[in-house]
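Note that the chains take the letters A, B, C, D, E and F in the order they are written out, and that residue 1 is the start of every chain.
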Amino acid sequence: MTLEEIIRKSLEEDLGSGDITTRYLDLEPINSIAFIVAKAEGIIAGAELARQVFKILDSDLKVTLYRKDGDKVLPKDEVMRIEGRAASILQAERTALNFLQRLSGIASITARMVAKLEGTGTRLLDTRKTTPLLRNLEKYAVRVGGGFNHRHGLYDMIMLKENHIRAAGGITAAVERISLHNTSYKIEVECTCLDEVAEAVAAKVDRIMLDNMNLKDIRAAVKKYKNKVEFEISGGISEENILAYAKTGVQFISSGALTHSYKSLDLSLLFKE
Amino acid sequence: MTLEEIIRKSLEEDLGSGDITTRYLDLEPINSIAFIVAKAEGIIAGAELARQVFKILDSDLKVTLYRKDGDKVLPKDEVMRIEGRAASILQAERTALNFLQRLSGIASITARMVAKLEGTGTRLLDTRKTTPLLRNLEKYAVRVGGGFNHRHGLYDMIMLKENHIRAAGGITAAVERISLHNTSYKIEVECTCLDEVAEAVAAKVDRIMLDNMNLKDIRAAVKKYKNKVEFEISGGISEENILAYAKTGVQFISSGALTHSYKSLDLSLLFKE
Amino acid sequence: MTLEEIIRKSLEEDLGSGDITTRYLDLEPINSIAFIVAKAEGIIAGAELARQVFKILDSDLKVTLYRKDGDKVLPKDEVMRIEGRAASILQAERTALNFLQRLSGIASITARMVAKLEGTGTRLLDTRKTTPLLRNLEKYAVRVGGGFNHRHGLYDMIMLKENHIRAAGGITAAVERISLHNTSYKIEVECTCLDEVAEAVAAKVDRIMLDNMNLKDIRAAVKKYKNKVEFEISGGISEENILAYAKTGVQFISSGALTHSYKSLDLSLLFKE
Amino acid sequence: MTLEEIIRKSLEEDLGSGDITTRYLDLEPINSIAFIVAKAEGIIAGAELARQVFKILDSDLKVTLYRKDGDKVLPKDEVMRIEGRAASILQAERTALNFLQRLSGIASITARMVAKLEGTGTRLLDTRKTTPLLRNLEKYAVRVGGGFNHRHGLYDMIMLKENHIRAAGGITAAVERISLHNTSYKIEVECTCLDEVAEAVAAKVDRIMLDNMNLKDIRAAVKKYKNKVEFEISGGISEENILAYAKTGVQFISSGALTHSYKSLDLSLLFKE
Amino acid sequence: MTLEEIIRKSLEEDLGSGDITTRYLDLEPINSIAFIVAKAEGIIAGAELARQVFKILDSDLKVTLYRKDGDKVLPKDEVMRIEGRAASILQAERTALNFLQRLSGIASITARMVAKLEGTGTRLLDTRKTTPLLRNLEKYAVRVGGGFNHRHGLYDMIMLKENHIRAAGGITAAVERISLHNTSYKIEVECTCLDEVAEAVAAKVDRIMLDNMNLKDIRAAVKKYKNKVEFEISGGISEENILAYAKTGVQFISSGALTHSYKSLDLSLLFKE
Amino acid sequence: MTLEEIIRKSLEEDLGSGDITTRYLDLEPINSIAFIVAKAEGIIAGAELARQVFKILDSDLKVTLYRKDGDKVLPKDEVMRIEGRAASILQAERTALNFLQRLSGIASITARMVAKLEGTGTRLLDTRKTTPLLRNLEKYAVRVGGGFNHRHGLYDMIMLKENHIRAAGGITAAVERISLHNTSYKIEVECTCLDEVAEAVAAKVDRIMLDNMNLKDIRAAVKKYKNKVEFEISGGISEENILAYAKTGVQFISSGALTHSYKSLDLSLLFKE
C-alpha cells in the first residue's frame, strides 16, 4: 500500500457511512483554528503525514507545522496549526492523531534508547515486529528517533535461522547453498553459542545475530571475531540493560519493543476559542 | 478493508519480492511442526486470525488451536500447533505473531483493568484511539478482554464536543438541531462542569461524557442525575486510579490506553526438533 | 468504496478500452457548451456528484450548477452548464446522467411521499433495500427529498427480527442478552401483533417496527404505548395509503420502494448549437 | 470490477464494522432453513448470483435453486432454499435480495415488452442508461427477459451523434473519417429526419437510430431503405406504444426504461419455523 | 486498470519500501536537468505517458516534450527534458523509460512493417498477443506506428475459430446461432481452406481470417470473393514476406510479433552536467 | 500486486464485458481436451503460472504439466494438457499463452547467454529494465534460464550513479554518507574509468559496475582489484560479445536485453480432434 492509500483507507475506517454528528447538526460551515499540542515530553515523528491526513480529507485546510520530525517537544508545545472548516478538522482529527501519536511514541522510545548508547559506537536496530500494514511508517519513526533499520522484510536481506540451518545440514552448508544463487544481499546468521559463532565466521557471513546469549559469551565472541564479522545482539533488550550490552563492543543491538510495545506520545487537538 | 484483505496485504508487506533466504537455500520441501508458545502471562486474542494468516499463505498448513480467544495463558503454554512446509511456516510466522501479540496485548491489559472494576457495576469502554486500519480487530480484542465497545467511528453514534456545542450556540440548541434529523442514533455530550451536565440532562441526551472532571464533581453529577442519563468518565484513566473512578457509581469509564499504548504479549514460534 | 472510487469505476465501466467513436473521428479538440435540462418535474439530487463526474473525467471542464440538491425543476429547466472539450463532455455524459437521474428520481418520489405526511408529525424512513454499492448515495437522496435515514447497515442499530427472537427464546430474553453487551446502539424490535408489542414495551426497547399490521391494531398500539416507545410502520406503503397510516399517530413510516422501485427523473444533456 | 468484487464490496457495504445484532445476542450457532419466496408474478434473473452472495459470506451455507434464470414465478413460489448458520443467512439476506429483486425486476419488464413484440420480428434493445457499476448484470437481466443488448459502452460500437456529425461537417464526412481508422466495429448514426437518413444510407453505415421521429417518417424510412441498412427506433418507448412502433417494420427498438426505471420484483426471505 | 493505476503500481513496484540510495545519501534537495535521449533510430510512442510517470512521482517536476508520439528520432535526438529534484528524476527514470522504450519499440517495428505495405492498400492489424495488463497501451503504440487495431478482447468482436465451428456443426450453423442473439458486433471466421472460405462467404460473415494458407489459395480466395467479404491474412508474417502477402490484394494482414517480440527502442536518461 | 491479482486483472483485461462469441453461440457445455504445444526450441518458464490462469478462470479445468519450468522443448513437444469446458479453455487460452510465451522467451535467451559463459565463472545478471508490473515474473524467468538476479528495485541494494556521486562530492564522500545510515545493504558504484575504480575500491564498496568501459580497461581493473571488490560489466552486451567480456575474469555481466527485447517463445494451444 502506498502512503496515500493508507491515509485514505484510515479516514474511510473512521468516517464509514458519514460523520453523523456534523450531518445532523447541519450548521453553516464555520472557519476554525486548531492546534495539535503536546501533553508530554517526546520526539515528534509523522508531522508531515498528519498534515497529509488533513489535506486529503479537505484540500482547503491550511496546515502549518511548528515542529518537524525529529524535534523534541515539551508539554504545552504546539506541534502544528490547522485552519479551515471546523467539520473537516473534526473529521480528520482522530486519524491524524492516531498516526502522529504512534509514530512519535516510537521515535521517543527510540531516542531514549539511543541516548543510552551515546559514546559506545553501538547502533540500535529495529526488527520486523511492526504493526501489520504500517511497517514502512514505523521503521521511518525509528530512523527519526536516531535508530537504524534492520531488514524491511523477507526480501532484502538473508537471515539464516536455526530451522534453516538444521534443514541445510549446518551453517557451512547453508551458506554455501545460499552463495550459489545470491548475488545482491548480505547474509546474517542467528547463533546461540560460541561454536556456532566460530562456524559462521569461518563461513564468511556478513553479520551474526547473537540470540539471547549471555554477556560473557557475547564479550568472548566480540573480542575474538570483531574484525571479521559484524555482531548484532537480540533478545530481551530494555532501557535498563542496553548499556551493559553495548559495552561488549557490538556494532548492533536490535529491539522489537521499539515497535511492538511503545507508548503513544500524548498529544491533543485544541480549538482556538 | 475486509479481514482477508488486511491479512493478504500484511503478508505482502513482509514478503515483498520474495523470501530470498528460502529461495536461495533452495532445499527440498520439508515437513515441520511448530508451536506458538507464551513467554508471559496474558489473555489470548487473535488465535483464529493467526490461523487464517497461516492458511492464506499456504492452504496446506494444518493449524490446531490449543487456546481460543479469551483463554488465559502462562509462560510456556502452547497456544497453537502448525504443521506443514517449513518454508511456509517461516514466511507466515512474523505476520501471524505481529497480529496475535498485539491483540493479545490489548486483551490482557483490558482484562487487568476489568478485574479492577469487579463488583462495581461499571463497564470499561474503548475509544477511537486505535491503530489506523486495524480498528475492528483492536475493538474485538477489547471485547475479548471483557471490555465494551464505544462507537466504532464517526458514523454510529452522535458525540457533541465542545466545538460543536459552541458552534451551535449551546448544548440545548445543539441537541435540538440534531433531533430535527436524527432518528437512529444515541446522543452523547462532552461536559466539563456541573452546569453543562445540568443542561445536557435537561436536553435529554442519552449519555454524558465527564471529560477530565474531578472525583468530587463526578460524584455530585452521578448522585443527582444517575436515573436520568448514563455517565461516562474519560481522561487519564490508569490501572491505579480506575477503581476510585468506578466507585463514583458511573456506568462507563473509557480508556484510550487500551489501544494506543498496550504492550504486545510475549509469544514466540518454536519448531519441534 | 469512497465516492471518488465509485465515480472512477463507473467511468471505467463505460469507457473500457476507449471511446472508439471519438478516437476514430480523430477531430481537432473542439470547445463546446452543453446543458443538462429537465424533461419532467422533480427534485434534483446529485448535482454536485454529476459535476465531479465531469471533473474527474477531464479536470479542464467547467461546470456551473444552476440548481442545487433539493431544488425543484420543471420541464425545460436547465440544471447545469458544462463547457470544455466536446469529446470529454460526451464521454462523461452518460455516467453523469445515470447518477443524477437515479438520485433525482429517489428525491422526487421521497418528496411526494413526504408531502402526503404534511401536518401529521410522522417521518418517512428509508430501508436497506438499496442498490448494491450505492447505498450511501441513495440514502443521501432520501434526505434531499425530505425523508429520514433508517440504519445504514447491520452495524449501526440493533434490529431484532422474528428469527432472532425465536432463537433467543422470546423478546424479553433477546433484549436482556443484547443489553449485556450493547452500550452504544438503539434497539428496535419487529412485532407482528399486540402481544409482542406489549412484551417489547416491557423490555424497554427504543423502537418497535409494526410489521404488516392492520390499521386497527396499529392504532391500538400507538394509543397505548406512544409515550413509552417509538413506533415504525413497515410493509406495503404507497403514495395512496401513507396518509392513512400516518394518521394513526406513529412517529415513523418506512418504505423500501423509495430506493428499490423509483423512476429515474427524465433529464438530458443538450449541446448548445 | 469482477462479479466477485461486486459481491464482496456489496456485503462489506451492509456489514461495515459488523452485525451488532448477532454479535450482542451472542447465541450458540443455530442451523436454520430459509426460502426466498415470490410475492408477485415475474421472471427470475440473478438466482445464481444470489447463491454466490450466500456462499461468499459463508461457504458452509447450502443453497438449492428451485428456479433458474428466465423462469417465471407466481406469488408464493419458492425460488431457492438456503440452509446453514442462521446468522449467516441473516447477514447475506438483504444483499442477496437487493441483487435478485433488481435483476428480476429488469427481466420481468423486459419480458412484458418482448411479449408485445411477438410476431413482429422487431427486437427489443437495452441502452447505456444502466445503474453505475452494475451494467454487466443489468444487461444480463435484459437478455434473460428476452431482450437484446445494444453496445456495452463507448468501446464496442461506433455511434455518431448530432454533436459528432456537426463537428465533422456532416454525416458523409464523419463516416469517411471513421473509416480511415476503424476496422472492427459497426457504425450507427443518429438521425432526426428523412434527409439525414438518406445521407446515412448513402454513407453505408450499419445502422440508423431514428431518434424521436414520428411514426409516419419512420414508416417512410423503413419502407425506402430497409434492405440497405438496419433501423433502430429510440425515445419515449413504453409498454403502451411499443407495438405501434414495431409495426413500422423496424429491426430494433431500444428502451432506456428497461434499466433506469424498473420496479424490483417483490421477493422475500422466510425462515422455516 | 486505468492508466493512472498502471503508472502508480509500476512506480510502487520499483520503489518498494523506499529508494535506499537517496535515503542514506541524505543530501539537501538538488535541482537538476535531465534529458531522455535516443540512441537508435525509431518512432516515439508513450511520450505523454512518460511525462505522467514523472509528474505522478513528483508533481513539481517540469517535463517538456521535444518529440510527440509518432515522431521519428535518430541517435542523439532529445525526446524530452525533465527539471526538478534530482532524487525524483532518479526514482521515476527507470519506470518512465521502461514504458517509453517498449511502446516506442512497438511503434517502430509497426512503422517498418507499414512502410512495406505502401501502395498496396493493405492494412496491418495487431492481435491479442499483448503483454498482460498493458494491452491498451500496446495497441495504442500500434496505432502510433501506423497500424490498425484488431479486436481489443473477447468482448468487442465475434471470432469463430475451428473449435467453435466444430462444436456448432459447421460454419453455417455457427453463424446462424450467433445471429439469433448478436445485434452489435462484426463476425469473423477463421478458415484454413477454400471450401471453408466458400461456406463463410455464403453465411455472410463480415470478415474471413485466412489462417496459415498459402499464397496461391489466398490469391484464389481474394479474387473470387473480394467484393463480398473482407479478408485477413494471419500467421507467420515477417518484414521479409509481408509485401508478398499484401500483393494478394487482401484488406488486412495481422501480426502477433508487433506486440509479442518487439525490441525496445534504445533510449537513455542523461543528466545535464 | 500479488500473482493472483496479476492473473485476475489480466483475464479481466481480455474478457471485459464478456466473451461474446461463446455467449451468442449459446451451445451446451462441451468437454474438450487441448494441448499447449511448442513450435520452436526453447526453455519453458511459467508453466505453473499458466496452470493457475486456467484454474482461476474455471476451477473445474484439469491441467496436467508435461514440462516444468527449466525444461527444454523442441518443436511439437507438448507442454501441458488442459481438459474441461471448451468455452473456459478458449477464454483462458490467450492470457495463459501471453504469460507463458513471454516468460519462456526470457528463459530461452537467458539460457543461450548463460551457455556462452560456460567455464568462465562469470554470472549473468538481469537489470531493472523489466516490463512494468511484471518484474517479479520476469526476474523469475531469468533465474529459470540460469541467470542471476540483480537488485529487484530501488529498495534492496544501494547503487551510486554518476549523478549521486557528483551531488555528494565524489565517490569517497558518497560512500561515507551512505555508511552513516546503512546497516543492511550492499553498495555498488558505477564507474566509467580506472581512476573512479581506484577510488571506489579505496572506499570499500561491495561491487563496482564498469559502465561501458572497454575491454582493456576492464582487464586492468579486474587484474588489480579482483580480490578486493566484485566487478560487474554493464552496457551493450550481446550473445556475440559476452564471452569476450567474461574472459576478463569479472564475476558479473548484466544485460538489459534479457527482459527488454526478448522474443516470445512460439507456443500454441491445439484442441484434440
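Keep in mind that, in the parts below, a residue touches a chain if its C-beta (ideal position, glycine included) is under 8 Å from a C-beta of that chain, and two chains touch if they have at least 3 such contacts.
Source: prediction; values computed, not measured.
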Contacts shared by chain B with chain C include exactly A, D, E, F
Listing by label each chain that touches chain A and chain B gives C, D, E, F
Dup interface of B-C (contact pairs over half shared, numbering-based), picked from A-B, D-E or E-F, is D-E
Chain-centre distance (mean CA atoms) for chain D and chain F, in whole Å, is 45
Dist(centroid_CA(chain A), centroid_CA(chain F)) in Å evaluates to 33
Multi-chain touching residues of chain D, meaning two or more other chains, are 16-18, 135, 152-153, 155-157, 181, 185
Among line, ring, star, complete and other, the chain contact graph is complete
Chain D partner, complex, touching residues on chain E are 123, 125, 143, 148-152, 155-157, 181, 183-186, 252
Counting only contacts in the complex, chain B reaches chain A at residues 1, 6, 9-10, 13-27, 30, 32, 86, 90-91, 94-95, 97-99, 101-102, 105, 128-135, 152-164, 166-168, 174, 177-178, 180-182, 185, 260-264, 271, 273
The residues of chain A that touch chain D in their complex are 16-17
Chain E partner, complex, touching residues on chain C are 8, 12, 16-18
As the complex stands, chain C meets chain A at residues 2, 135-136, 139, 152-153, 155-156
